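Input: one structure, supplied below.
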């Protein structure tokens, strides 16, 4: 990549990952000045000229989500208005992907709204990772690449040579069933699905057949896309221990937020031996999780950006609907 | 509804349902002239003035899908260009909802493309039914109401008072797991999911845990959104018979196309006691399926149209992401 | 107004004003449910059906501005997607109007960006008040009515029968010069302008000619559009006292935020006898400002909404470029 | 042309011409996989990465027109969504150009609709040939080059050194009058026009003055843009023989479809000595027309593509409103 | 029509016709203030509130065309920005319809450009008359009604009971051939076409076969859409006299501009017995043309406006591609 | 700059400046053919192929403004339609910037309208100079660079080494106060502002405090953005002489139109010693103004174009809201 021709910026949400991607590409990370006016309006200034250049802006929609979103929209607008040639929104964690359907009256399919706002603000291309459902890809009106972190997890677990008679992959709900099954197949393991069913707006039932599925297995790999307050994943863990003969549990998730009571909830279950996640979100230094393994997605994003810039195919970094 | 203020038209795909909806509303179905020029171009003329009126156009994307799609786009364009006040596309069967994600490189998320084409052609509102996945709702840029046929099926099966110790609902694949589970819960039945996993572009594996889930059940209700050539549903039926102790099978699907070898495939499995579907697609008169029950969705669409016209909520006719 | 035909909602920023406007119109204020998912995503549900109706959404962009903005965008999106007939964004305080020009390289004209985002989210009409500069009106792509609170201030001060030989209006900077001059003329008072000049990005100079202008006056009415942390307005107040013979000062501002050190700064200047503001922003109950007078804009917004609904002219509620 | 920088694809309608154009350019024709799902939905996959590249897609709107149109729209969408730099729709035969005006109530100006659909699907540039009327050019919202095949016909007939006292050009109707006259002038021949007048929707009258115009000529060159079922052109041929002294007839048309009864109709008129057409449409191998001459437009399209890629003027390949 | 619900304005080009249309409808013509700033910028103020109303703006694109166009665009923008419910551009004479194709390199299809500008400025519907070619209809992106004045001419000439053995209709060029033929057929007269062929950018040839066509006729009705400086129509008139046995000529045109040397050119040909035109353009009082008959189109526009407002079909006032 | 890759055109308004900019860049100025059809329609043809190239079109909106605007829109449309890669509108004098707010009911914010029309016509980038207010920048939907001529004036006046005790800068109204103050600060001079207040639509009052401000100064530099008929600037000049002790006056304005009575008005005030302006507008050869100094902006535009083409920052040529 021609470092004169590109500009690389980071919002406030995940500068650590942005720096790693920039390092991978051998491109400097230009500064971004973010401050607030006295009335709480954001003020943002990009630290390098973007005229006619290819601009990359890295921002994860981690808490405070609204601020990080508005930051991103303003950065895109600056790049567009200052005559950038291309404006790439690199959104490792697109939190609103979870708001992907209208499952109650008079609510918003917010993922589509955000996709439209990104377009309005000036994004000409989006890169993101492990969207909550593969259909969210179709919400974007500009070319979009939902990359996958599955390769990272595969590499990590293949080395462990898990025994298919003892270890199984567990999807925490029906929505994750497809991706968990695919992950399991690639590891040569069986898969079970917890059928958490939303019967009405207030009632959730965890399927009675889970017990049948997990019968006889000792090691469970719970495969989720995102852990926020760890409520459902710890509930499931308890169930696995209680209903089955599961002895130890590994939690796997692309987006590890670990907010609120997550730390204490996870600490309360001794069978959780390891939590494997990535750096799509930036862990505050003061958050302590034992047995946490963080795999970096910097190389995946870096490689995707490089290939896109050089007009090479990025198909093998891509999710293709099943991550 | 003020019959002077509205116009109701049907394309060639499902005039029978269109007529039923019109009857339900007490509105005349105006004629549509469809013919072809000698070079195969379509020629369409709407049979009544639409100026300033609220226009409804009913078209299912049944085979020949491309012709029916272009017909619909032209009808929308006519209404828009002739100064209709509102143009409602009523698409009981939106076939392309299945093309909702990019699960291979260099393919189209065609459901989004079609949604955009409908917008360009002039649709100001869309009504459809049981989209393949609830996220497809978010592909549309205009207000869209994905109605549900589940209520029809519920009414029909609740009368049968099925025994939860003997009968279960089976989802034919992971994608249907959610809606099948919800349907089962409302019937008070357990649910199993066949984990048909696509490992690579050419390899599909049917999950080994199905046997565990169906063990002990005699009656299986396979709950799918669409049956075309009945390939996968008959394969699953065989599996249910062979792997479990299932004695009889009921197939339930909103969109029953029964194309190609569907008739003979279904006839070859004596355990299939009944097929329950709806009239979102129009069955040709010469297609014979034994034990076929067709429930009409005319009242649902009619009611939704009436309420929308009268500015009443249609929330209870709605899918809310779980059909 | 036909209360069946309209729906009135409020975001979290200023429910008190929203309720007053609704009361003025004799329309119920429908509920809005706002909560957060565990990952900090906003979840919003409107509490009444909007199908085919005229919808009004009241939201001021007060701190936390980003959250209030995203809330507003989501509410607009919900109304649009749920087939509202018209979607009116009532934004009494449009904070980003201050970001109305590019006065440094690589920044955003954020007021234009926000106007575009409102359009994308679904606003078909905007009502706001006393924009920082009248040109911001031109940033909006939909019909927009910038109302004025000047009439409220005029009514209030005309009663005081100020003596033009002793009292004068002071504009805190060049940008306010026009509106201050017009306000002064309507009160029959002279006007002075503090020429705070930004020479470079870091250097600000307060004009040496102010002293000449204020010479001989005892009462100063400082006329501003917005007071946030009260930094510049208290500095000006000190100058008026020090450089002139000003004995008492009245601060007038449409949008009174009084954030951060505002309370103590204002309290430190005994010559500030009164602060007159409006309820475009909602004062927290625990914020105490002595001598504060809050005039309500509810009637102005209510009247503008009523006339707009009834297709009457609202010209006399309008700013016409000089507030 | 840099073959690394471009991608050349063909839909199913005219791969033979696509291959010839590719050969002319020295660029490989990449594969396109087209199949159907069991519900008749089209499935299309482009056979080479298009990221950042200039993509050309060749498709003629020959029967089945709707399928070929939807194919084209999907191919454009794939290229756009996969981040192609430019997406050129090469449509040698744009059948819907004939639907270019509203000559009955409540019909569609379908040519405009299709132009808008192409834009929505992602075409950034269109190349086509001999549009039915030059105004159709103005229907397209992106740069569009309507090329002309007239040069091919001129070269072919100039060699025959026709005698202006014996040979004349005949326009089959008023719409063709302009282009026929221009063609005649370039050959140095006189021109006559059959004034086929549509008086009402059902009544067509062939002008009585044709006889006067063709009196004395032996050789007639009927110059049309398209022959589909050959109905009108054979009727005219009979008239020329019957009303005049015409001994032999040459039919010239850019787009030769020869559908339905065309073969037998043409065979039934011995005076038709030759039919000269081009390969904008692909003749099925089993269609036999005696005396058929097919001139290839591959070089014209190839040259236009090459010059466009190299930023050279293509004015001399252009129609300029009179072909 | 509810005169409270509509607003009727006229630009400066043809207030006389606007008043007549308003009179026909029984609606007052509201004032429009048009003036210029000292720098030649136009300043326009509409004289009545348009909020929520249906607005009609009448403007013909007569000289000075650019001023009249910018006036119209500004009036549309005012209506749109001031929240009119519908904005109808009534353009009796759309001069740029003649710039409908690209018949030279690097020129503009200006009719399409103007149609797009009207859309941008805010027109939601267009009414116009006798577009130069029927395809221009397809340039507009909003509902558009190209009305026809042919009925007026028919009524006028049917009363004259012309003899088909002596009188004929003459189209001045190929482009007019279709409409002239249709007009002739309705009068029961034969038709001839002057084949003015543009061979190159500088060479025009008048077809040699005209003489054959007009042989034997005494009365010629030259049927054109527009006469500006009367250059081509007087040249044709001379030809008819010289080449044939034509004794008297009637000129018929919808849009009679009679600019520049038109008066003297027409006066110089004694065989021109009558000129029949309409008031789509406003004749200056000082322009004197002998034997001029002006038929008013006010009733046609008025009726079309009335029906459109009342949601009635206007099909019989329509052109349908053949005027 | 690669002269093969760019095309440089001028409209009729200011070819002299266009030529100078082209000379500065070492790029040929390609011809533009502008003429009129007999019906007053403009006909424009660009004199060089633009396919795939970067196109610059120079046009000032000087009188006749409407013609120059339509010319510009057509030239942009030609470039866009002929597949130019980028289309830059270089508008040294954007007259409509003065219509930047709605200061009366039912008028147009015409500057925004024009910005939108430029977008519709095809401009991908705009360069202009000294907009009437910096907010107008935000009206444009494409990247826009409002350059500044202040540097030229500074260079010119710094050489004169004016004495801050004797010379002052005067802003002719509140709108100019900011830019005048900044200009004064850079020259080290004090600044005064004439507070011309528009109290109602018909009443203007010149502020009584001017006298205080100018007391004691001998030399006044009146700093305005535009002089058209010189009405207000000459009135102000008289006031300066009468109310103060001003001995000589220098008028400075970026856009010098000098229309109507400007010559005689300016000649009537002997104290006006010099008028300093630029060539953003083209002075007719027959207009004689004594003591006129014209500074050329060619280098500024040339440099901005060059840097933009080479992807260099143009920040230091930029206005940043304070010119």
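For reference, chains read A, B, C, D, E and F in written order, and residue numbers begin at 1 within each chain.
Throughout what follows, a residue touches a chain if its C-beta (ideal position, glycine included) is under 8 Å from a C-beta of that chain, and two chains touch if they have at least 3 such contacts.
Every value quoted in this text rests on a predicted model; they were computed, and no experiment measured them.
With steps allowed only between chains in touch, the distance from chain A over to chain D comes to 1. Considering the contact criterion stated above, the chains in touch with chain C and with chain D alike are A, B, E, F.
With D-E and A-F as the two chain pairs, more C-beta contacts join D-E. Ranked by how far their CA centres sit from the centre of chain C, the chains are topped by D.
Between A-D and the choices B-D, B-E or C-F, the pair with more than half the same contact pairs by residue number is B-E.
For this pair, chain A with chain E, the centres built from the Cα atoms lie 62 Å apart.
In whole angstrom, the spacing between the mean C-alpha positions of chain C and chain E is 51. Distance between chain centres (mean CA atoms), chain A to chain B: 32 Å.
Multi-chain contact residues of chain C (touching two or more other chains) are listed as 49, 81-82, 102, 104-106, 109, 313, 315. If each chain is drawn as a node and touching chains are joined, the picture fits none of the line, ring, star or complete shapes.
Every pair of chains that touch is listed here: A-B, A-C, A-D, A-F, B-C, B-D, B-E, C-E, C-F, D-E, D-F, E-F.
Touching chain A in their complex are the following residues of chain F: 125, 143-144, 307-315. Chain E meets chain F in the complex at residues 37-50, 62-67, 69-70, 73-74, 77-78, 81-82, 95-96, 98-99, 102, 104-110, 113, 116-117, 119-121, 226, 228-229, 231, 257, 259-260. Interface of chain E with chain C (complex): residues 5, 49, 51-53, 80-83, 85. Within the complex formed with chain C, the chain F residues making contact are 100-106, 109, 111-112, 133-139, 174-175, 177-178, 181-182, 185-186, 190-193, 195, 197-199, 205, 207-209, 212-213, 215, 313, 315, 318, 320-322.
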